[in-house]
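Here come two complexes built around chain A, the first alongside chain B, the second alongside chain C.
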Partner chain A sequence: MEYFSYLMATGISTGALYALVALGIVVIYKSTQVVNFAHGEMFMLGGYLGYTFHVMLGWPYLLSFLLAVGAGFVLGLAVDRVAFRPLMQRQTMVSVLLAMIGLSFVLKGVARWLWGGKGDYLSFPPLVSPTPISFGGIMVMSQQLVVLGAACLVMAAFAVFFKFTRAGRFMQATADNPKAAKLVGLRTDRVYMYTFAVGSAVAAAAAVLMAPLTLLYPDIGFALFIKAFAAAVLGGLTSIPGAVVGGFLIGIIEQLAAGYIHSSLQEVAAFVVIMLVLTFIPTGLFGQRRLRKV
Partner chain B sequence: MRHLVGKRAFIVALFGALLLAPSVTNQYQTFVANLILLYIILSLGLNLLIGFAGQLALSNAAMYGIGAYGTGLMMAHFGFPYWAAAPCGALLAMGLGTLLALPALRLSGIYLALATLAFAQFTYWVMTHWTDVTFGAGGFVPPRIDFSPLPVNQEQGIYYLSWILALLLYVVARRAMESPVGRAFVAIRDGEVAAQSLGIDLLRYKSLAFAMSGFYAGVAGALYCGLLGFVGPESFDLLQMILHKGAVVLGGMGSVVGSVIGGTLLTVLVEITKEAKFSIEIAFGGLLVVFVLFQPSGLIVFIRKWLPGWDERLHYVPPGTAPPVQAARTAAAEGDD
Partner chain C sequence: MKSTRIIASLATAGVIGFALAAGPVRAQDAQTQGISSNEIRIGAYGPFAGPVYMYGKLAMNGVEAVFDKVNEAGGVHGRKLVLVREDDNCKPEGAIGAVKKLAYDAKVFAIIGGACSNSTLASVPELEKSGIPMVVNSAVADAISDPVRKNIYTTMITSSVESRAQVDYALAKGAKKIAVVRMTDAWAMARWNPLEAYLKAKGITLVEDLELGVDANDATPQALKLKASGADAVILVLYPKPAAVLIRDSLKIGGNPLWVGQTAINDFTAFNKQVGVPGALARFATITSTAYQPTDPEMKDWAERLKKLFPNDELSTFNMNGIGSAQVLVEGLERAGKDLTRDKFLAAMGTIKNFNVDAYAGPITCDSPKSHQCNQAPGWLVLEDGKVVREK
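This part shows the complex of A and B:
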């Protein structure tokens, strides 16, 4: 039982971070119909920038967090400018995807070049003391609690932004029906632009939160992207609450698979979920049924 | 003139040079020339799937790895001779490739890309973790290959075998893409529902596209196993995926001869940039972005513009970049190849 609760605690706290990354993927997919392949790299670069500000320059954690989120926002703008906007007119999914894959490799290469040392792994100092605290007999790492709380805060902030601000409503309108949004005078190009930016900023936030729990390395972006995509697909790819639920589920599934079956399954659980969900329930748990286009 | 600068003259010159290469180059250059042959096979196979049939699958590197592992493991575990193990590896890749066509019947675009990507990562994981069979992350050394009745050692044998197969597979790809099969692929790429309404069996042709592409990658993998004399998972990671994509996009999507050019140039570029992993990543990621943005039909477009005799019956015209009249004229103008 104790082992189970330990696994659950770990699963929920990492799941919260997957949920954050998945949130960005879903928000971008909903409004642009494109999965941002470079989304993992937004996460990775956010983490490295947080490391640079906090560890290399010695700035306070909160400031580094905010700066990294700002940088994520700018990176998202760059993705839109480079890989999405010029290709959107041509309406070919294949070229947008290829451009994004290309861009993600460039960003990964740049990170390896700038921060990659011998072993490529950087460790982030813990935020709070590493002693576990007891919750009615369940031992929880205080670090995990902080991360979980912060991730929930970011999610809440995003929900408020999406529901109640002008920009958020523009995003909803564009996602709902881009043609109608254009007709009522929304500049959908801009909406796409800040959709990418906001999604990337959330990914950067997740990265700076996750950094103290794990190590940073240039390939972490892809690893996180696959897990977050698994979460998004499980939730249906078009549903924001679905992405959050999917994130927690993926976190829990991989911990349970690793804890009870074999530890190496932690890496592969996400791939298996993607393949199974896409093959058997392509609309996921909360997704809309897709219409077949001619 | 047309015959001197045309497509056929180029193929004859390239393969002629590659045939003579081992007798005038040193060991390292021969190795690179052999890699060129392998990448020609790989990009031909991937182009059939992406450029012609329009299925954006990201599993080509995995098929390449399955071909290499299939061959190497048959030799290491069961003591198969290379001539029996290599077809096993290639057919294994073809079989698994065909299985991937099943999700492809239900998925398209992004969903297919990510499902195949998940498959590729799963394959990589199996190569790394199924230690009892695949020897794990460290890889393994398959037994030396004996070409004994022929007067060649392993390096020469693999080189000439690669040369023969690359040429053969080029001819097969070209012929197939000029046949009704190629037209069916292109019809599926341009609109699945429209293709179905023309009586094209999606199950049959999508499976065929995946099977052919898997077979090409598997053959390249079987040759790679013999070329390197070592099989390890890191040869088939994500970087490999972007190299294959780069070769196809560089040469020209939907152009068979473009894949030959793309595979050749890519190998040379990799040899130049391979000093550090980040330089390959930046170079090929950047290349992919630049080509997709500014020249989505690849280098073949420039060649077609400046030299006569490079037209192909079917080629990739990205929507909105070429007027239909021009495409029709290109199709009508081709007479000889």
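This part shows the complex of A and C:
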């Protein structure tokens, strides 16, 4: 029973990492209908910026966190301007996706150039004590509880934002039908811009919180993106709660597969999930099927 | 008509004569290519980017630091050393292309480098064909330098030496139940294969053989299995990140066997921070190819020189591998003398015995013609009273 409890507890805490990254993917997809393949690298850069402020420059943690989030916001604006908007205006979706993939390589190269010489894996001081604590008889790292809390908080904030705020409804309207949204006077270009900015800011926040657990290195972005993408696909690319549930499920599936079947399955579980979901439940567990009424 | 036949015969004889004369001249060119009156051009190849760029780019930066120091003192027999870099993308076709570019386009005298085992191994036929001297400084696959090839030396501890050393260390510390946790990429397989063979030769059956991904953020399943198996020593065939995650998660559930690392985890100080739990490395030992930690006072001069040349770099063990190998290369050039040729350089490399360099843990001995694996002396790093020390 203890064995199973540890796997479940760790699955949930690891799943929180994936959920936090998946939220950013879903937010951007919900508004733009585009999977941002550079989202992992935006996460990674946010982490490195937090490292620069807090470790290299020695600034206080909270200030460094806020600055990293702010820098992430600005990065999102830049990504929209440089990679997304010019191609969306031409309405070539494949080009947008390819541009995102290309951008991910560029951002990784920038990170290697700026921080690569500092070491292979950079450690980031945790927000709370690194010593494990007992939680219901199971030992967990305190920072994992911080990430879990953050994932729930961000999910709740986005749920409120999309349901109860004007800006959130604008984003949903733009995602549903960009042409109709433009016709009724919505500034869809501004919606996209702020979507990328908010998604990137959330990624930066997630990176600073997770960095003590994941360490910082240029390839962390893609490694987490692929798991988060699996979570988003499982939960439904248009569903914010789905992203969180998907994240937790991916985390749990990985742990149980590695714990009960074979340790090698820990890495492939996410890919198997992507394949199965796309085959049998293409819209995911909570995703909405797009209906066109004639 | 007769005069035409005479002219044609003379022209043919001329061409044949030229070809015969040019043959030895071309071979002589190859012997001294890359050498001018005031410089020696040395090539280097490895990844500039990608997940293992540190074995390429950072090692090359270490080589440049040595060249900078040597050039400041006047060079080797009055000739300055110039490094010519090529990016092989850590791919076999990239390495083959890099060797061709360096040997035939850039026409360097020798090559120092070879970061990824797979790609370096793929480039061996081209290296042999070109005859260009090669000093390997990062790739660990035994097959690169074994069997002995006239023009290839390695200053890196090879994977079979390390794998045997890990098993011997665990046994020397009294381990009765040995487990292995490993990645499954080419790097790890190059270590796992000789490790598995050595375990079999010793009659040792592992209590667990587990896999862990290079980007793993959690190793609780592996930690639980290790604890359940009762393993008292765990051999790590892992990069620092998965190793840090494994040790952290094992401590979390109360497991604390002897952890036996290898040269991928030889920056003890950095690894301690990566694990991030106080006291986590009390039972951790790792092989080091380097004599010191990057932050030790003995490496201060190199750290400053590197910073001057590459402001974004902090001295790391990857730079130090470059530094050590470059010092061995320079020693070979010095011994070969002013009338430098490829053959003289290769012969000089074979005479290097018990040569101490600033960066490597053990003395360098190139026991030519028996072995061109010049670094057979792994050191062990442990924590003692909170300080990283070389275990005697």
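Observations on the model:
Basically, the second predicted complex is superposed on the first by the 275 of 294 C-alpha atoms of A that agree within 3 Å, B and C clash if a C-alpha of one lies under 4 Å from a C-alpha of the other, contacts with A are read in each partner's own complex, and residues count from 1 in each chain.
FYI, a residue touches a chain if its C-beta (ideal position, glycine included) is under 8 Å from a C-beta of that chain, and two chains touch if they have at least 3 such contacts.
Computed from a predicted model, the values in this text were never measured in an experiment.
Aligning the shared chain A places chain B and chain C in steric conflict.
Of the two partner chains placed by the overlay, neither chain B nor chain C lies in contact with A:Phe164. Legend: residue contacts after superposition of the two complexes on their common chain; A:Thr10 is shown touching chain C, with no touch to chain B.
In the superposed model, A:Pro86 lies in contact with chain B only, and not with chain C.
Once the two complexes are overlaid on the shared chain, A:Leu97 sits against chain B while remaining clear of chain C.
Counting contacts by the rule stated earlier, residues 108-109, 112-113, 116, 218, 264, 267 of chain A appear in both its interface with chain B and its interface with chain C.
In the complex of the two chains, the chain C residues touching chain A come out as 49, 51, 53-54, 57-58, 61, 184, 210-213, 215-218, 220-222, 224-225, 228, 239-241, 244, 248-249, 251-254, 267, 270, 273-274, 276-278, 310, 312-314, 316, 318. Against chain A, in their complex, chain B makes its touches with residues 50, 54, 56, 58, 102-103, 106-107, 109-111, 113-115, 117-119, 121-122, 125, 129, 191, 193-194, 238-239, 242, 245, 249, 276-289, 292-293, 296, 318-321.
On the side of chain A, the complex with chain B involves touching residues 29, 34-35, 82-83, 86-87, 89-95, 97-99, 101-110, 112-113, 116, 218, 222, 226, 229-230, 233, 264, 267-268, 270-272, 274-275, 278-279, 282, 292, 294.
If you check the complex, the residues on chain A that touch chain C are 3, 6-7, 10, 13-14, 17, 108-109, 112-121, 123, 126, 130-132, 139-141, 212-215, 217-220, 223-224, 254-255, 258-259, 262-264, 266-267.
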